[in-house]
Each structure stands twice: as C-alpha cells, then as structure tokens.
Amino acid sequence: MALHPLVEYADASPEVRAVYDDIMATRKTDWINNFWKALANDPATVRRTWESIQQIMAPGALDALTKEMIYIAVSVTNQCPYCIASHTASARKKGMTNEMFHELMAVVGMANETNRLASGYQVEIDEQFKTP
Amino acid sequence: MALHPLVEYADASPEVRAVYDDIMATRKTDWINNFWKALANDPATVRRTWESIQQIMAPGALDALTKEMIYIAVSVTNQCPYCIASHTASARKKGMTNEMFHELMAVVGMANETNRLASGYQVEIDEQFKTP
Amino acid sequence: MALHPLVEYADASPEVRAVYDDIMATRKTDWINNFWKALANDPATVRRTWESIQQIMAPGALDALTKEMIYIAVSVTNQCPYCIASHTASARKKGMTNEMFHELMAVVGMANETNRLASGYQVEIDEQFKTP
Amino acid sequence: MALHPLVEYADASPEVRAVYDDIMATRKTDWINNFWKALANDPATVRRTWESIQQIMAPGALDALTKEMIYIAVSVTNQCPYCIASHTASARKKGMTNEMFHELMAVVGMANETNRLASGYQVEIDEQFKTP
Amino acid sequence: MALHPLVEYADASPEVRAVYDDIMATRKTDWINNFWKALANDPATVRRTWESIQQIMAPGALDALTKEMIYIAVSVTNQCPYCIASHTASARKKGMTNEMFHELMAVVGMANETNRLASGYQVEIDEQFKTP
Amino acid sequence: MALHPLVEYADASPEVRAVYDDIMATRKTDWINNFWKALANDPATVRRTWESIQQIMAPGALDALTKEMIYIAVSVTNQCPYCIASHTASARKKGMTNEMFHELMAVVGMANETNRLASGYQVEIDEQFKTP
C-alpha cells in the first residue's frame, strides 16, 4: 500500500470528513483536490492546515486575490509545481487576468534576480532602511 | 581597494550618473541607496537593471504597492536581508500599513509551509489544474 | 546518445563495479537505484559520494533512522522529487512509521514557515543565543 | 517608529500577554526571545504560530529532541541565521551533544549535495520508489 | 483555453515574431523552444528577457561556454528541471564535454554542501575577506 | 563555552593539525580561515571536507578559476554570506578580474530570474532536450 494514499471522502474518518465538508462549503464545490486528500493521512495536520489557511487567506487588509498572487510568488520562487498549478487556478477563479499574471511573473523574476545581485555584491543595508 | 566599492555620484561616469539622475528624479529624492552604488561598478548592469525595474514595477494591471509586496514575498522566501529591508521601506512609502504587512507575512509563511507539505507528500497535480 | 545514460553493471568499469558491489553488499540487495547508475558516468564522483554517504549515514551519536529523516527534511525543503522518493523509501525500510512521517512533515512545514517569519520581521538574534 | 518594534510584556495587549505567559510557563523561564516579541506586532499570528508550534513540537512518534534537530536541518538548508541560532540553543537544552550536532551537520551537508547531483544528472525516479 | 498556451510563430504578433526571428537568426536554427513560446504570452517580457539574455550571455571577459555552465550551476541549485535540461543542451552545443559536465556537477554539489556547513556552524566572516 | 569555538592550531589534535598543515602547504599561506577552524570541532568532517574539496577543485577539464566562479554562483544563489565572501576572495587570488566578476553576477542574476519564469509559466521540457 502506498505511503500516502489519497483519502477519499467515503474512506475518511469523521474528523477528516468535517474538514472536507468545510472545504467544499467554503469553496462552493463538491470537489476536493489532491493536496487535502494526501494531507488527510494525518488528520491533525489536515485540520490545522485548513484552519490556518482559512484564517490567513480571508480578505482583510489585503483582498483575497492579492493573497493568492503572493502565494503564487512564493510557490514559483520555491519551484513547487503542485503549488504553482493549484494557486494559479485559484487566482484565476478569483479574477486574475492574463495581464495580472504576466506582471506578477515579471516581478517575481526580477526580485529573484536582484536578490542575488544584492547578495553577490555583498551590499550593506543602508542606515535609512534600519530605522523606517 | 575593495572589490565592490560604493560608487558615489561625484566619482561616477556619465553613464552611471545618468542612471542616478533618473533614479532620483523618479523617486523624487536626492538619495541613492547602496544597491545601486554597488551595481554601478558595472555600468551595463546598473543601467539594464534600473531600466527593467522601471518597466516591471510601473503600475499596470497590478498597482505599484501590490508589486512591492510581491517583491517582499520573494525576498523573504529567499532570505535576502538587504532586499527585505529595502523593499519593506519602499512598500511603506507606497502606503503599506502594519496590517497589510502582517497579512503579507502570514501568507508568505503559510505558502512556504504548504509548498513543503505538497512536495513531502509527493502530491500529484490534479487533472483539473492542468487544463484551467 | 544521452548525456547521462544509466550505467548498468554489465557495462560498468571495474572501479564502478566495486562501488556497485559494495552498495549491494551493504544494503543486502541485488538492486542499484538510478541515482548511482547516473553518477557512475563519473567514476570519481560515484566513489567519493558513496564513501562519504557510508561514513555519514552510519549509526553514531544519531541512529540510522534519525539520519534518514533529516535527509528527508532537507530534500523536502529543497523540493527535490528524486531525493524525497528515495529517502522516504529508505526511511520506511529502517522503520519509519506513518505517524513518524506525519510528524516529520509537520515539523518541516512549520520550520519553513517560521524561517520566513523570522526573516520577514527582521528579527535580531538574542544575545542569549550568541553565547550558548 | 520602527515597523516591527519588539513588544515587551509591559506594553503587550492581554491577548499577547496570554501567549507570553504560556510560553514562559511551558518553557519554565521568565524570558521571551525576540522572535515572539516581533511576531507580537500581529496578535493573530503570534497566537496561531505558538499554538501550532506547541502541537507540532510536542513529543509523539518522534521525541522532542529529534524534532528540534529536524528544525535545525531545515533552518540550515534555508540559511536562516536567527532560526539556526535559536533552534541550536533549544536542541542543546534538550540534550543535543556536540557529537549529535556534528553528525546532524554532516547529514544536512551531504543531503544538500546529493539533492543537486540528483537534479543535475536529471535522474528519473525508480519504479520501486513509486510504489513503496 | 490554457492560461499559458505556447505561442506558435503562425499565431504570433509582429512584435513576438521579431523576437522569434532574432532567436532563430542568432542561434542559426529554425526552431524555438517552449520557454520562449510560453513567455510570448507577454510580449513585453519575452522581448525584455531575450534582449537581456543576449547582452548577458555574449562572450566578454567570460566565454560563452563558461557562462552556460554558470547558468547550469544556478539552475541545478534551484532545482529547475526545465532550465537544467535546456542549458545542459546549450552547453553541450557550445562544447561542454562529459568530463566538464562531471566536474561542474562535483563543484555544484560540494558548494551546496559547504554552504550549509558554513551556516550551520554559524561561521563568522574573517576580517581578511572583508577587505579584499 | 561556545558550541562551535574556533579551533586554533595550538589547541588542535594531531588529526586536525594534519589537515591544517595540508591547507597551509597547498595554499602557500600560514593562515587558516574560520570555516576550517569551525569545522575542526568535528575532525572527521574537517578531514573529509578538505579531501573532497582538494579533489573537486583541482584543475581538470575545468580550470581552477572557473571552478571558483561556479562556487560563487552557487553561494550567491543560496545567499550564503560567508561562502560569497570567502570564494570571491579565492577567485580574485586566482585571477578573477572585476569584469569577470561583473559578468558572473549578471549571469547568476539572469539565471535566477529565468528559472522562475520557466516554473511560473509551467513550461514543459521540449522533446529535443530529452534526447541530447
């Protein structure tokens, strides 16, 4: 048997089903993506992760789409194919246009470039940035 | 002599001075931060980098503040102290409040966590994410 | 011809065969996994890597299973699919249970999150941590 | 005023004080390290992070010291100076000897090396690792 | 329709065709690889990226092959499968032998290892390295 | 006492002194940099690391300076301040000019950028790159 089988709703414990139900209700869908089905092998982690994501991704000072794009920026920087695919799909559902995606990628690429220029040239932090 | 001395305006070549002038005019300031003074050791790179940043960071489908926050998300993921300090200062100037920063950090932290859960559990990309 | 063909035992030089023989004897198996067959294109590297791994992964102050789990922690953080798959299989053979794997993933995820919170908030190292 | 001042107990809100009290009680100390004081600028994040860490780092299938060493492995891989310093101190308090630390570092170094050899040689995952 | 369809020459705008024409002329080939066809969804990015790469990868103080090998070193460190595959192919065309590739990988692996040993042991930068 | 005190020659064991002697003889210097003094807390690691570096960094199909620049490329990508400082100093001693360093940084920056564009646009590897 696989180490991390995907836990389907029919086979899930009540604790995991409660998470699945909440995911589907929140997203207004009857579908659970593989990330949650894999995490469900560990009920404590699937519940804690879902609860944290719910709190963190809720609109607040930043809107939900901006948060999804930040999620993509991190996932692309870390080169996580699953996360890039899933959060790009999410962001599109929340209204990310092609133009927004293109600009997002341009910024992510540029930041990854200048991060290395700053390190490679051993640039010291300006005093002005230390006492903002 | 240091490998990458900071190039001050007085010592800069006309080509570098043109970049410095443009930076100061664009930012409405008389101050150049260390990143540019270090890059100025290579006039071709300082000019290309500034021109690319100008194009990429200009408001478009995404506003300038959103772009700064994406820059921070990448810099924090890459653990680049200079970039975190400088872009946090920039974002604040463009209107990032404490609340926005806190939510940004929460998303960046969470994305870095779930990126690893997705990889560690070897989650396969759902078909639904392949044909968005 | 491919740049990095897998070097099968039958086609291997005596030097590489000696490494393969040692791998199989150590692991009590008649099977060599792809990592070694690819590295075998460079006999010096396959031998040095195997010798280093032998020394480093041998039980000492840390037992062999703990070392495998640390290997997984690094591989997941670096998002290396091959390494995650191979070291997860190794760890299971050495006795890693599902519960242990779940806790390992939870720690790896959390550490990746708080690493970024520490950087993003530009937290200075406490004096107490400097003189342990 | 600084963007992320360290929030001292005397200046903390009741919500943050409750977290501080719990940290000090759990750790049997009267001292709060800078990480928490910086996070405390965002009460929701400081509480959620502390609660998650409490759950995740509690002894279970893995003991507390093993979990600390996994934390160090991730922090070293990500090159997070604060996290390396603080979790090395924690691990020492929980009984990590010099010998254990040396072996931990040797494994972390080796894993970071072979992660790149696996990627660079474009090694395909063995079928045996896909159905463990 | 896909978010990032590959833009074929026949469907490309004049601006994108100009980039494609330049790529094919420079490389003396009638073939465009997927990276450019994907980037072409954003004409500004495909043009800026191509122009920057042209400038940066041109032989100068470093020859073209050395630059390709540096590109591979970064791509392997970042674990980017596409970039590893494409730049390894490029480097081979420019004369990288198997022996050169093997030595390149050995250095990349070693550097990734010692980078973590330096961080994990919290080694302070020697004064001698600060004033080169 | 510190967890990783720097081991000075006078206090070193014969095994560590042998490594130090070899480092000084090889480099024609009477000075040992902090990296080795910190690693020397673990005699097995300091010896294995030095021996591996000796083998890997020796001129072969690639010359010693090219290898140092590849080391820098990795260290900058990983954002390791110690490694950037020490290997930049080494490379300069081996003849790296300012122009070479500038071009190296430009390539490293660009590669870090395009690595993310390739991932973010989810570019599939061309068949042509799979059978080189």
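Structure notes:
We call the chains A, B, C, D, E and F, going by the order they appear; numbering starts again at 1 in every chain.
One rule holds in what follows: a residue touches a chain if its C-beta (ideal position, glycine included) is under 8 Å from a C-beta of that chain, and two chains touch if they have at least 3 such contacts.
What you see is a predicted model, and the numbers here were worked out from it, not measured in a lab.
When you average the Cα atoms of each chain and compare centres, the chain farthest from chain A turns out to be F.
Centroid distances from chain C, each centroid being the mean of CA atoms, peak for B.
Each chain gets one centre point, the mean of its Cα atoms, and the points for chain C and chain F are 21 Å apart. Averaged C-alpha coordinates give centres for chain D and chain E that are 34 Å from one another.
For the pair chain D and chain F, the distance between mean C-alpha positions equals 27 Å. Among the residues of chain B, those in touch with two or more other chains are 3, 41, 44-45, 49, 52, 77-81, 85, 88, 92, 102, 104-106, 108-110, 112-115, 117, 119, 121-122, 132.
Taken as a contact graph, the chains are fully connected, with every chain touching every other chain. Residues of chain E touching chain C in their complex: 79, 88, 92, 98, 101-102, 105-106, 109.
Chain C meets chain B in the complex at residues 72, 76-77, 79, 81, 84-85, 88, 104-105, 108-110, 112-117, 119-122. Of all residues in chain B, those touching chain F in their complex are 3, 41-42, 44-45, 49, 78-80.
Listed in rising order, the residues of chain F touching chain C in the complex are 2-3, 44, 48, 52, 55, 131-132. Those residues of chain E whose C-beta lies close enough to touch chain F in the complex are 4, 31, 33-35, 38-39, 41, 45, 49, 52-53, 56-57, 60-62, 66-67, 69-71, 73-75, 77-78, 80-83, 85-89, 92, 97, 99-100, 102-104, 106-108, 110-115, 117-119, 121-126, 128-130, 132.
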